Amino acid sequence: MTTRIPDAGMLNARPFNVRLFNAGTLPLVATLAIFALAYAVCVVQFPAMLSTRVAANLLTDNAFLGIVAVGMTFVILSGGIDLSVGSVIAFTGVLLAVLIGRAGVHPLVAFALALAVATAGGAVMGAMIHHLEMPPFIVTLAGMFLARGMAFVLTTDSLPVEHAFYATLQQLYWRLPGGGRLTLIAGVMVAVTVAGIILAHRTRFGANVYALGGNRTSAALMGVPVGATTIAVYALSGFTAGLAGIVFSLYTSAGYPLAAVGVELDAIAAVVIGGTLLTGGAGFVAGTFVGVLMQGLIQTYIVFDGTLSSWWTKIVIGALLFGFIVQQRALVWLSARRPSAGSAT
Amino acid sequence: MMPGTATRALAGALPRFSVLALILLASWLAFPGYFDVTVNDGRLYGSLIDVLNRGAPVAILAIGMTLVIATGGVDLSVGAVMAVSGAVAATLIADGQPLAVALAAALGAGVLCGLWNGILVAVLDIQPIVATLILMVTGRGIAQLVTEGAIVTFVDESLIFIGSGAVAGMPMPVVIAAVLAAAAVLLVRRTALGMFIEAIGVNRRASVQAGLNVRVVLIAVYVASGFCAALAGVIVAADIRGADANNAGLWLELDAILAVVLGGASLLGGRFSILMSIVGALIIQAMNTGILISGFPPEFNLILKAAIVVVILVLQSPQAGRIAAAIAARTGITRRR
Amino acid sequence: MAHPSPLLEARGLGKSFLGQTALDGVDFTLRAGEVHALLGENGAGKSTLVKVLTGVHRRDAGTILMDGAEVAPHDTAGAQALGIGTVYQEVNLLPNLSVAENIFLGRQPRRFGLVDRRAMERNTRTLLAGYGLAIDVAAPLGRFSVAVQQIVAIARAVDLSGRVLILDEPTASLDRQEVETLFAVVRRLKARGLGIIFITHFLDQVFALADRVTVLRNGRRIDTVAVADTDPMAIVQMMLGRDLEEVESGPGRPAAAAGAAPAIAFEGYGRRRSVEPFDLAIRPGEVIGIAGLLGSGRTETARLLFGLDAADSGTVRIDGRSVRIASPRHAVALGFGYCPEDRKTDGIVGDLSVRENIVLALQARRGWLRPLSRAEQAELADRFVAALDIRTTDIEKPVKLLSGGNQQKAVLARWLATEPRFLILDEPTRGIDVGAHAEIIRLINRLCDGGMSLVVISSEFDELVVCSSRIVVLRDRRHVGELAGGALTATAIMRTIAAGGADDRTEAA
Amino acid sequence: ACMVTAAHAADMTVGFSQIGSESGWRAAETSVTRSEAAKRGITLKFADAQQKQENQIKAIRSFVAQGVDAILLAPVVATGWESVLKEAREAEIPVVLLDRTIDADKSLYLTAVTSDTVHEGRVAGEWLAGTVGDKPCRVVELQGTVGSSPAINRKKGFDEIVAKHDNITVVRSQTGDFTRTKGKEVMESFLKAEDGGRSICALYAHNDDMAVGAIQAIKEAGLKPGSDILVVSIDAVPDIFMAMANGEANATVELTPNMAGPAFEALVAFKETGKEPPKWIQTESRLYTRDDDPRRVYEEKKGMGY
């Protein structure tokens, strides 16, 4: 009997179905491949799109979205959702404009304050979700109303921000050959993404987030601090939303209560396009980054085309989105076909 | 119903109705005439009627949305589908087509949209939120394409009647919503559909292995949602005697989802109650009407909304439920669940 | 046990769920260096006791002491901090995380503050090697069978437990080798002075491993005795409160059915990368056992037969007509049924009531337009709750709130309710107590006499031998042999497996 | 004085960053712009920003990247354009603002073709003051989208006039989001709150669409819009003229959708002769009442793509 124990080991040693890449990273690979393909197609049609200018703009113009999407990725990985981010961006912008413009606070101080407020707001929502056991959807929807409402109370009009420091920050860019400029905020976005990747895949917190998304009760039974993690996740999302707000206010040097309407949906879309499951537990921050660029690319393509009416614009955006998703599905499906259990549905 | 489910249903209904009552009461305090209902040339007339009438479209959306959410999905496209169906109905009527044709085309368009969503979700296995996001963007474009961005106005009384007519004093939208709700409840509870939908929402793998035709059920719920959205779209267009492709149903998908969640359904799928979702829709509308009637400056609308939603949250949270149960127990009222 | 200083002690533990009492003044002591078996019928309160001890459930009454000092872990993390490692009944790991992450979740090795994957995976491999498991530890856990997952769960708990290890039915779907390995590990820990709580329904395992036994019935502690001073019959008597009338043992099903013509015939049936083509002819009233080691392809064979995985070779003929089984729906329509191995993910629909879970498959076959009335459903549910002795307060209780064994019974009931002509059972008696076990085997025998054919997959070779008329032996996803008549013995199965592997041992390595 | 070669209108490519298509008026502006460009043989690159400033900024950036000859910008909001317009200036591409000015250094754009939205509010207010004379008049106001500059300015202008007349008071003011549906819903609540509308003497709506919605609400409440309750609004879209023709509305202030015409004039002149146009080309805010043969105006405007 005992002689056969190693034998059993041998049996199991047969690497269970062998494949090109592990099903986990597959959506990411697919997303990347398709983005590359899409960009190539664009360039073929409009050679001008190859310029460093366009590439750099892609980063700069989507910086705030990219940043907020990183936070959103964590929320979605944990099996939740955060609808408040768009409003928080607007609120932060207005708050900064008021603090700097009216109260004459130095921008850096204002930044710190804004980040603190946004993070705290996120934490509060997380606490409500955990302790009141209420669906994230409603809690963050309330947050969405509140943040924009506060923005309106601060000002209904749009406030410009004139401050030497802002000007200098905006002038901070690295001119690429070919007229492109890698701006500060683009740098911030990339930095946040990298930080997100590390946080997600290289820390205990990250693992706990995935655990939560996988199965709350199991996670609890494995000793994951569910409450603390939930709160931390929404605090993080609040923080990135605040940071995105700062970036947006640098981007437009103004605070506007109607800014960033519907950004939450763009962010969620970017995350999901990036291959993260909305049900939580599976996905990649890197994928989100590509998802953001993908959306930016679609916008740029439309503008370059320049012949589309308002309605055709919408239709084409949808069509491109569809084409992209379907290709992604196809790729994943083709190489993810497994003979064994688990792929039941 | 078996005692078990009966009491469980009651336990679910209580907090929601009390929330609704609370909001109505608050509005009444803000505006004494709130509960007055008079008859004005054959139509019931009063704030309460407004709540029902204005709440009808979202309630109708919520019916379809409930089924979709029960399967663990979500339909972001309902707002856009409203715009499409409204546009189709208006343009056809404006071309002098008979009501029947216009209605058929409009609802047909909705069903097609639902079918599209359903196939994306059930066959291509795309995550519902993205799948329907596609139509959310495209749909409004299509609607504007139909109306060329203009507001198509019409004067056809038969269509207008659907929006602002009245049967036995009740505004038409309310009647339609009521009938649809009744039909939907019968459809899911008097057949096995309801159980299948819930089973799929709770454990799709197990449902497949039990021999359910999961794909067909999924497609069916999205079609239902599309149909409801189309109907709501026609009502909204008829109400303002014109199809506003740019704004019809804008952001209503959020209200619909909120209504369902307020109704107690989980976005992860599973147990659902169409009636509770409709109560959810009424809660939302009561809130909006209350804010309008209260006379606060509009800058505060969102803050009020947020405050109210938070209150609802606390009232409906299981925690509150437990506390209530404890109090009930102490005061001798035993509530078995 | 010379020095009876209780390591873990519980006094007068009480727990009730919404009016239903699950634990009622239970006293329990665990000594250092002992294996303490916890026995009882399904629904007796074993898992609840474990969950109360580890702080998953708030206790309503009673105190918990460790080394004589009162402790109050209010969640698993707290329990782990106290050195209590637990494998809960349902494999409670995270299918979306890698095997390594599952084992080291919350205590990952770190370098420069960052998780050191390489180290983590290295440690995992060495850890699992100790259980004869050499799998790709970077792959998501969900990709592995329940058996593999169970071993991983055990490995994690053992690694966590400094003082106490709690195992709630760890051997449910393990075969002899894994059980042996597990026992070896447990004995090592015992020697190290840990206290081990061991829940199982296999009495032979109790007598092989445990020092003392505590028996629960209806949430009450009946007695705690030293294994040395008792015998199986006595324990069964304590568990059931009555004597167990023995099931007729020996080669259970007469090969009599052998005469009849095969009703269902699979020929050259197989699927690439899954199960190599095989022939299987099933006669009415026949019970075919499928034996094999973990990963040998039993579950995959079952999935193939039921149309869950599409076969890419071979044909099926039913009563001579050749048919296509492209999906479970077809299979169900043809009168097939399938109790999956993993009741949690593939079986129960947790939030639905016991009633709904029982009627689900039947209703699915009738279609949505021909609903069973509430009355019919209730009647059906009541009948099977009685027949399989499913312990539940009422048939409207969400099935996820039932005890593990009772959930298993509910899934079985779902298929029996469809009165299938061909039923596939993958580890059917997983977590089912001796009393119910006997009941179920008797029921199945009756159905087979009524003409139902059966395929049973079980890691319990003895159980297979008892109830089947033929046994197909699998190895490495190949059908390597078939035993019938007098050849039906556990040892024969072992021999076939070993022999079947002989020729391709090199390929396996 | 930054252009080197004098281009001809014919071979001019102009990028047009439009806010979106949120209203009939906006659609009209777009189609008029297209036709005005076509008239002059200008190739128009059109970008719809879906109401998002970031999209408009993206659009301008890629116009610059494509090297268009000029850019038309209908800004969604007054602030936040400096940096991107600087980029345009560096690329020596003149920018013309449509229907809204921005608070930024005037050197950043060539000229702005807009109406004075505060003035529009004043015109509406003066009409009302003139009509009611010194009779007391309780006014309800339907505001545009909270925070949008037309809403803010049209309220500002109207309030200026109201302040001058003690007999006129704005008793209720809520937002109708510039849409018919909300206009109707809000008006319904106004009517309830002001005992069935009998105590309301006039409605001031920030745009015609809300007015049209409100008119229906008034009718359903059993009152006569246009006589029981005076209706004055802004934009002059066709449907309001139909309402006027039916005696259900009283006055509207025109906001012409033809902003591009003057803009192109200025651009062409600038490109050919290099002469700088004035920094602000104000379009007329004409008042229309029932005396202006609304039916005729309706017919005229119907074809303009409202």
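Residue numbering begins at 1 within each chain, and the chains themselves are lettered A, B, C and D in the order written.
What we mean here is this: a residue touches a chain if its C-beta (ideal position, glycine included) is under 8 Å from a C-beta of that chain, and two chains touch if they have at least 3 such contacts.
From a predicted model like this one, the values you see are computed outputs, not experimental measurements.
A centroid comparison over C-alpha atoms places C as the chain most distant from chain D. By count of C-beta pairs in contact, A-C exceeds the other of the chain pairs B-D and A-C.
Note on chain placement: the centre of chain B and the centre of chain D lie 34 Å apart, centres being C-alpha means. If you average the Cα atoms of chain A and of chain C, the two centres end up 42 Å apart. Look at where the CA atoms of chain A average out and do the same for chain B: the two points lie 30 Å apart. Note: centroid distance chain C to chain D, computed from Cα atoms, is 72 Å. Within chain D, the positions touching two or more other chains are listed as 21, 27, 30, 146. For chain A, residues that reach two or more other chains under the stated contact definition are 152, 156, 309-311, 313-314, 344.
In chain C, the residues that reach two or more other chains under the touch definition are 308, 346.
Under the touch rule stated earlier, the contacting chain pairs are A-B, A-C, A-D, B-C, B-D.
Listing the residues of chain B that touch chain A in their complex gives 72, 76, 124-131, 133-135, 137-145, 148-149, 204-205, 208-209, 214, 254, 257-258, 261-262, 266-268, 299-307, 309-310, 312-314, 316-319. By the touch rule above, chain B contacts chain D in their complex via residues 31, 33, 40-41, 43, 45-47, 50, 54, 144, 148-151, 153, 164, 236, 239-242, 244, 246-248, 289, 292-293, 295, 297-299, 301. Residues 1-2, 4-17, 22-24, 198, 201-204, 206-208, 210-211, 213-215, 217-225, 281-282, 338-342, 344 of chain A touch chain C in their complex. Contact residues on chain D toward chain B in their complex (touch as defined above): 21-24, 26-28, 30, 143, 146, 172-175, 177-181, 184-186, 188-189, 192-193, 195, 209, 212-213, 216, 220-222, 239, 242, 305-306. Taken in their complex, chain A has these residues touching chain D: 48, 51, 53-54, 57, 61, 64-65, 152, 156-160, 170, 248, 251-262, 296, 299-300, 302-304, 306-311, 313-314.
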